[in-house]
Structure formats: structure tokens, C-alpha cells
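Common to both upcoming complexes is chain A, partnered first by chain B, then by chain C.
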Partner chain A sequence: MTIIPSIKRDYLCRLAEQGKRIDGRKFDEYRKIEIKPNIISKAEGSALVKIGNTQVLTGIKMDVGEPYPDSPETGVLTTGAELVPLASPDFEAGPPQEDAIELARVVDRGVRESEVIELEKLCIEPGEKVWIIFVDIHVLDYDGNLFDAASLASLAALFTTKVPAKRFDLGEDFPLPLREPPVSCTSVKFNNVVVADPCLDEEEIAEARLTVATDKNGDIRAMQKGLSGSFTKDEIKKVIKASINNGKEIRKILYKSIGK
Partner chain B sequence: MKSEEIKLIDSNGKRLDGRGPLDLRKIKIEAGVLHRADGSCYLEWGGNKILVAVYGPREAIPKHIQDQVKALVNARYNMASFSVEDRKRPGPDRRSREISKVISEALERVILTEQFPRTTIDVNIEVLDAEAGTRCAGLTAAGVALADAGIPMTDIPVACAAGKIDGQVVLDLGKEEDNYGDADLPVAIAPRTDEIILLQMDGHLTIEEFDKALDLAIKGCHIISKLQRKALLDRYQSLIEGGDIE
Partner chain C sequence: MVVLPSQLLGDIRNNKAGRGTFIEKGKIYSERLGILSKKMGYINVVPLKGRYNPVEGDSVIGIIIETSSSSWLVDINAPYPALLHVNEVPWSIEFGDTEKYLNYGDSIMAKILMVDESKRIQLTLNDRNLHKIVGGHIIDVEPSKVPRIIGKKGSMISLLKKYTRCRIFVGQNGRIWVDGDEKGIEKVVKVVNMIENEAVSYGLTRKIESLLKKDAKDVR
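Let's turn to the complex of A and B:
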């Protein structure tokens, strides 16, 4: 964990000075994105997202339960992430670590604050019974940029979700009521260059990270800065611009995959 | 109660999903599907979807768990929370711990562990979609993933279950058959020698029925063993032909 990264760091930085990245991409270019919706038959909705070698699977389960006392007429959203040891030699079994919790929280916020799910339509009996949505993120192969992969997998999975009303004797199944989703794009900074969609090698030497979620109109809907480094104002503006452009492309891929 | 209401075999001898008593569900195996893992396998078996990653041999940590003469084989069977009808709470429960243990022991029998003292070989089995027979599917996929990782083994382990439904011995129980059937007998073997490396049973079988079910399960294992070999061949043949060696 000490010698190899410092060699790799020098290599990545030297490449960056020549305007290059380790896998030949441009600074603001994403790896190939693939979305496979609806692949888990037992789940109410699901999607597998590949960004380059990174693979994340999100499954949605639904149940009927009690609402929170402060919002008796809205459905409940719960997001969890598992960094299962299958996905990386560095992931360990056991209760969720910091990283898994941060990942779940960022995805949860993206879905909740953007009000993608019309939770108010998921009330069955006010104060008594509402639909509970479990968004479970399963990381399968970790080669960087889990934030974007997990957000995208979760959005795609929500768009394939059928509310299992029949199973609970509550009438016919219906598609989960949803609004236009924002799309998250992450960039990292190292050695004074900023690159979009970091692969694992870039993530390991990153000094600062910025995730920007943009909506269909190109407006900003959420941001999260991470790691101990800093950005200049100009860098932030550049990241936002790249995120809007990449967000447009990713939105197209998302809509195409779910047949919208 | 239910077992009397539901007929698992119809008058033509067909099972609920249209299979005959000696038919397997559809199986699809793919080797080398993950980038980070040393070896991996994706397997679909009826409605089961299983992903296995092998890491190692690598240094066993903490040091006190190391075995000075051989590698530890550490299989971890884990069900995704969305893999079953009612959401499963994430993390290991008693059932998955037991399955992890019996699979670890079965794999240890075929792996040449004495070649890698003080190391661990981690076999991560993720059940993404479950529909009866996940332990057999998991072990079968683990066999392919271990071979894909280049772990030396005496044989590629393979598993298959037989069981009894409506009084008849059948191969590879499906979901309803598992729930309402009379007996389930998962078996894993080393197919070159037919050594049995995993065996469990629940339900009720006479001695004769057991003999018949065991033979049937072993026959099933041999069919699946061919699919495992084909998956590995497909993976590495294409590498040789395409010249695309990562």
C-alpha cells in the first residue's frame, strides 16, 4: 500500500502533464457505460451498471410498514450499500464500514432530495400503513467511481420497479411513481489536473473529489465534495460544465436502457 | 398441509415447470467475468443467479489464523437482500454461516492447500437471485472460479441435488418442489473419482430411495461438470485465438 502507489502516482502525474490518462481517455471523458435493467426476478426492480470495469447491482424490495410519525402520509425510503469482498481484494466481510455508509448516504440523498420518488403517492392508510422502499446497492467489481455507478444503478432500478400491491392484497401492481431524475457525475483532482469518472488508479491518488448532480434542464441539484484536498473556483466551474455535458449523455443511456 | 393440495407431478409425469423427473433446470456458466478478482464465475441455474470471486492464495491476516503447513480455504456464501421474495437482512445469518462452512470444507478436499502454507484462499459466493438449490449452484460456480484463478486442484468440484416429490425420486428440485416436496439431497463430488465432498439431506427417504437419489444426483453432477469444463474452455480458447491476454 505504500511503495507501489507512489510509483504509480509519479507515472499518472507525468502522464497528466502531457495531457494524458492511464487508459487513454480525455480529462473530461467517461468510460463506456452499460445499463442492464430488470435482471433480478425476485426483486421488485433491479439494474446492473457497468462503468468501465466497475460493476454495481442495485435491487429494490418493497414492503408495507408504518410511516415515520413526522410524515404520516409519505412512503419510506431506505438505502443500504454492501461493499462485498467479492468486489475487491481490499473489501472485508462484516458490518458496513465508513465507505459503504458514505456511499449509501450519498445515493440516498440523491434520490431523496431530488424527490425522484413521489413518496406522497405511496401512502396506504395515513399514519398506519405506507409502502417501504429498500434500495440495496451491491458492489460487484470495484475499479473506481462507485458514486456514479451506484447512483445510476439505483435510478435505473427504481425505473424498473413495480409496486407489488397484489402480494399484499392491495389491488393491482403498479409502476413506482417517479419524476425526472438528476444524474450524478464525479470528478477528482490530483497534481493540479481534474479528471472525470476516475478509475481506481486515479481514485487512489486523488486529493479531492467533487460530485455534481444535474437535472434535465442543466440545473444543479446536488453537490458533494470529498477528500482532504481543495478546488479553486475555476476548477469547480469546469467540473460543473463537464458534469452537465456528461450528465446529458448518461441521461440518454439511462432512458434508452429503460425504454423511455 | 400444502403438500397434499399441490400436485408436483401431473398425470403425464411432468413436473410443474414441464421437466421430466430426470431433467435438470437450464444452466448457463461463464468464467472470468470480474476484473478485480483473481478468478471468477457467473452462473445461472433455473432462476438462480450466482456470482463467485476467488482471491488468493494471499497472506492470511491476522497472523495467528495462519496454518504453517497449508492454505486456509475460506468460502463465504452471502445472499443479496433482494435475492428472495421477502427482503433478507444484509449480513450473515445462521443458515449462510453453515453453508459457508460445508462449502469451505468441500473445496478444501480438492484444493492442493499444502502448496500454499500461511495463506488464505477466499471464495466469495454472492447469491443475486435465488430459487432453490443455491448451495449447489454456489459450489459449482466456485469450482469454475477456482480453476479460473489457476488454483491447483485435484479436480473441479461440482454439485447437484436430487430429491423426492409426490413419492418419486427426481433430479434438481425447483422452488415449489423444495418447499412442498418430501426430501432434498444436495451432493457435491470430485467428478474424476466420484468422491463425495458434500452431502446433506432433509426430509424422509427409505434406504432404496436414498440409493436411487444419490446415484441420480451424481449423474447430474457429471452432466454439469461438462458444462463447467466448457465454460473454462470458452474463456481461454477465445483468449488464445483473439490474442487478448489481460
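Let's turn to the complex of A and C:
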């Protein structure tokens, strides 16, 4: 764990009181988002997402396997995240820690609950054979807001995915059947201000974090509250509103990058 | 010239092995990924990135990470934490009262008293200009870029001080303390980031000066 010098914390709080942020953004403003789809040729689908200096690479692999007994006619979605030591001095090698597991779960929930993947179309033989989707998230550079970068990378990668049916002798390859994508937006709270898309310094001093995934109609599809602090009712409403607005912009960038 | 680890740099008959290099069978090789520099017969490799390598007598900015009854552990961005003993501070402290003076998260300007063979580091606060830091802001940069931020004979740093009216202290370990009004601090942060990104470009001092001049109205 990095120790944040208390004077750095004080400086950030002082700026926040004047309505400023350390990198000159507005409270609800995002950093520059860049999406590069299809950058790994060996994967079924892939995407590299940059939010400011944060970089996340997601690859999709597909396999044929057995479905879960409680849902014999739907495909299986598995999400995994890895925080490699390359990305930050705070990340350690070894089995996934709490933060990596939380990251994978938040991304997984956003994708699953928005029903963006038509999992029921990924059934080959009910109860016997279905397609399994592996979403693997690799964090390459950590400068705050991994949640948004990871979920955006996963969605962009899903949209470039081709189901490798030919390799398994199951007919022709076909693009993964998808619906409208959700967009996750994360905000953190410190010193009684709420800021969207926290950079590393802001994330380090944050008291509470809220990730909201919204769909095209502005409906909430998933939410995750993190850290030990609390939000007031008004703050949560504000976060949701900002998430819907930012979600619209990010969705445009996502559509543009995948050529839709 | 950028060199890679284990790249052959020269022979010990003609050169001396400096920092960031090692000798094997009479030949000098690079130890790190960095920029080659030859000075006074020494071959040095200045790493492109990495942690601070503590050197005796360096002024550094540290953050207290642990207190015990007669000493503090300080993070100075080196591979290991540094020790600050109560004998090395200007205050007389009762046994067990260390937390009253310096506590977890506090920042200090300190000097490296000694580094022994096993890289154990000792700090001291017993010198001019060394004290606990209150107020201002700390910027983190790559320790290898510190010479560029200071500039030749302090040219860059005096330029910054002149145009931003801030108090600036550059620790050799890549931490920079800035104090002044909000606008000044913002400007320093911007310029320091620029210097860090363009550390290898030619005529950087002049470029920075014209940038600072552009939006400076009152110059001391």
C-alpha cells in the first residue's frame, strides 16, 4: 500500500473546496478515452482501452463446455481480472487479491445484468454443450478508475468477438450475438465532494466509491459501492445522473471504435 | 544512447565502471535499461525509470510510514525504508513520545546520514534547512529526471521560482515540494510534468522560459 503524504491529501481537499481538481478537470468530467479494438489476433475478440494514463487490455476466448445445471440452455460467462505488478508498484504477483476479484465481479455484473450477450443463443445441445465465454482483463497501467476502463475494454472486446464454431466443427464462425451495451461510470467521494473518473491521487484518498452501469435508455443495470465511507441520498442521485450523462458520451466513443 | 541490460559497454583497461554497470571477465556491461554517459573515464548508465538509489549526503523528501518508541521508518522512494532515530532530530523527545512530533503520513525534508553495505539507510534531520513539511503540495517524478528539473547549475529551478513565486524544494529521490498560492502550484505541477515528459529534448530551458513568460504578468 502506498502511503499518501498528508500534505498531498490536504492539497487535494483545498483544491476541491475551490471546485478544482488536480488535473484541471471539472468534477463530472472524464479524461480522454481511447479504444483500440481487435489488437490481439489470437484471441476471439480483444480491445485496449486507455482512460488518461490508465491502460487495460481485455481478451476474449471461447470454448465448448457443459452448462450449469440451473441454466441448461444458456451459455456461460466467466470474467477474470489480473493486476500485474507491471502496472503499479502496489500490485503484487500471485493469486488474485481482493481488489482484482472485485474488479472482475463488477465487470461481470455489468455485462451479465445488462443482458448484453444473448446467452440463450449460445446453446449447442441443452444440458450438454454450450459456448463458454472467457473474459480476461489485464491491467497494463494503473492511474485510477480501473472499473470503467476494464468494463469498457470488456464490452469493446465482446463486440469484436467471433464465435470460433469452425474450430469445433459446429458450422461457420459467427459474430457473438449482442444487444445494447451498458456503460459503467465510477465516482468517488472525498472531503464531501464527489468526482467522476478519479485519477490515482484521488482514488488513493477516496472515502467511498460508487460504480453505476446504465443502459441506452438511462436505466440502471448494475451498481457497486466500495470502500468504507458513505454517500448521502442526494449524492447518490447526483452520481447516477452524472453516470447517465457520461454514459451517453462514452457509448458514442464505444460505437465509433467498433464501427457501429 | 539507450543501452539494454547486459549490453557490452567497454573494457576495464580503457574505462572505469561507474553506476548502473557491472564487470565480468574484464569487460563492462550495462546493469539496467538506460542512457549511456561517459564522464571522466567512467562509464555510467542512467536508468530511464526506477526507484531512487540512496547516496550518502543526498537531500530527500520522506514520508513517515511507521513510528516506534525511539525511531521512525521513512519511505524515501528507495527499495527499502529508511530509519530516522530520535538522536537524529533537533527536538529532545521522551522515550515513547515520537508520535507527538512526527506521525504516520507526515512529510519531512531529510538528509541521508549513511547507507551501509546491506543497503540499510539512516536519515538525519540535524542540519540546516531540514524540517517537517507543513502545507504545500508534493509532486512525484522519476528520480532519474531530477537533474533535468534542477537544470545546469540550478537554471531550471531558479527559472521556475522566479516566474511562479513559489517555494520549491527538489529531493534527490524524485519528490518535489512546492508551496505558494494555488495558481503558482498549478503552474509548477504543469511545468514539472512537461519537463519530465520532454527531459531529453534540446533547448528545454529556453522552451520552458518562453512558456512561463507567456502567462506571467508580475515577475520578481
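Simple rule for what comes next: the second predicted complex is superposed on the first by the 256 of 260 C-alpha atoms of A that agree within 3 Å, B and C clash if a C-alpha of one lies under 4 Å from a C-alpha of the other, contacts with A are read in each partner's own complex, and residues count from 1 in each chain.
In this text, contacts are C-beta pairs under 8 Å (C-beta built on N, C-alpha and C of every residue); 3 or more make two chains touch, one makes a residue touch a chain.
For clarity, every value in this text was computed on a predicted model and none was experimentally measured.
Colleague: Please tell me, clash or fit, for chain B and chain C sharing chain A in the overlay.
Modeller: Aligned on chain A, chain B and chain C clash with each other.
Colleague: Output check: A:N53 vs chain B and chain C. Expected answer is one of first, second, both, neither. What do you get?
Modeller: It touches chain B, and chain C stays clear.
Colleague: Please work out whether A:D143 is in contact with chain B alone, chain C alone, both, or neither, and reply first, second, both or neither.
Modeller: It touches chain B, and chain C stays clear.
Colleague: Is A:G19 touching anything from chain B or chain C once the two structures are fitted on A? First, second, both or neither.
Modeller: Touch status of A:G19: no partner.
Colleague: Just chain B (first), just chain C (second), both, or neither: which does A:D10 touch?
Modeller: A:D10 contacts chain C only, not chain B.
Colleague: Mind telling me which of the two, chain B or chain C, contacts the most residues of chain A?
Modeller: With both complexes superposed on chain A, more residues of chain A are touched by B.
Colleague: Looking at chain B, which part out of 109-117, 163-171 or 217-225 clashes with chain C after superposition?
Modeller: That would be 109-117, the one stretch with clashes.
Colleague: Across the two complexes, find the residues of chain A that touch chain B and also touch chain C.
Modeller: Overlap of chain B and chain C footprints on chain A: empty.
Colleague: Would you pull the chain A residues touching chain C in the complex into a rising list?
Modeller: 3-11, 14-15, 18, 20, 22, 24
Colleague: Within their complex, state which residues of chain C touch chain A.
Modeller: Touch list, chain C to chain A: 63-65, 75, 104-107, 133-138, 182, 185-186, 189.
Colleague: Spell out the residues on chain B that touch chain A in their complex, using ranges where they run on.
Modeller: Contacts found on chain B: 34-37, 47, 49, 51-53, 55, 58, 76, 78, 80-87, 90-92, 122, 124, 126, 128-131.
Colleague: Can you list the residues on chain A that touch chain B in the complex?
Modeller: 39-44, 46, 53, 55, 57, 59-61, 63, 80, 82, 84-89, 93, 95-96, 134, 136, 138, 140-143
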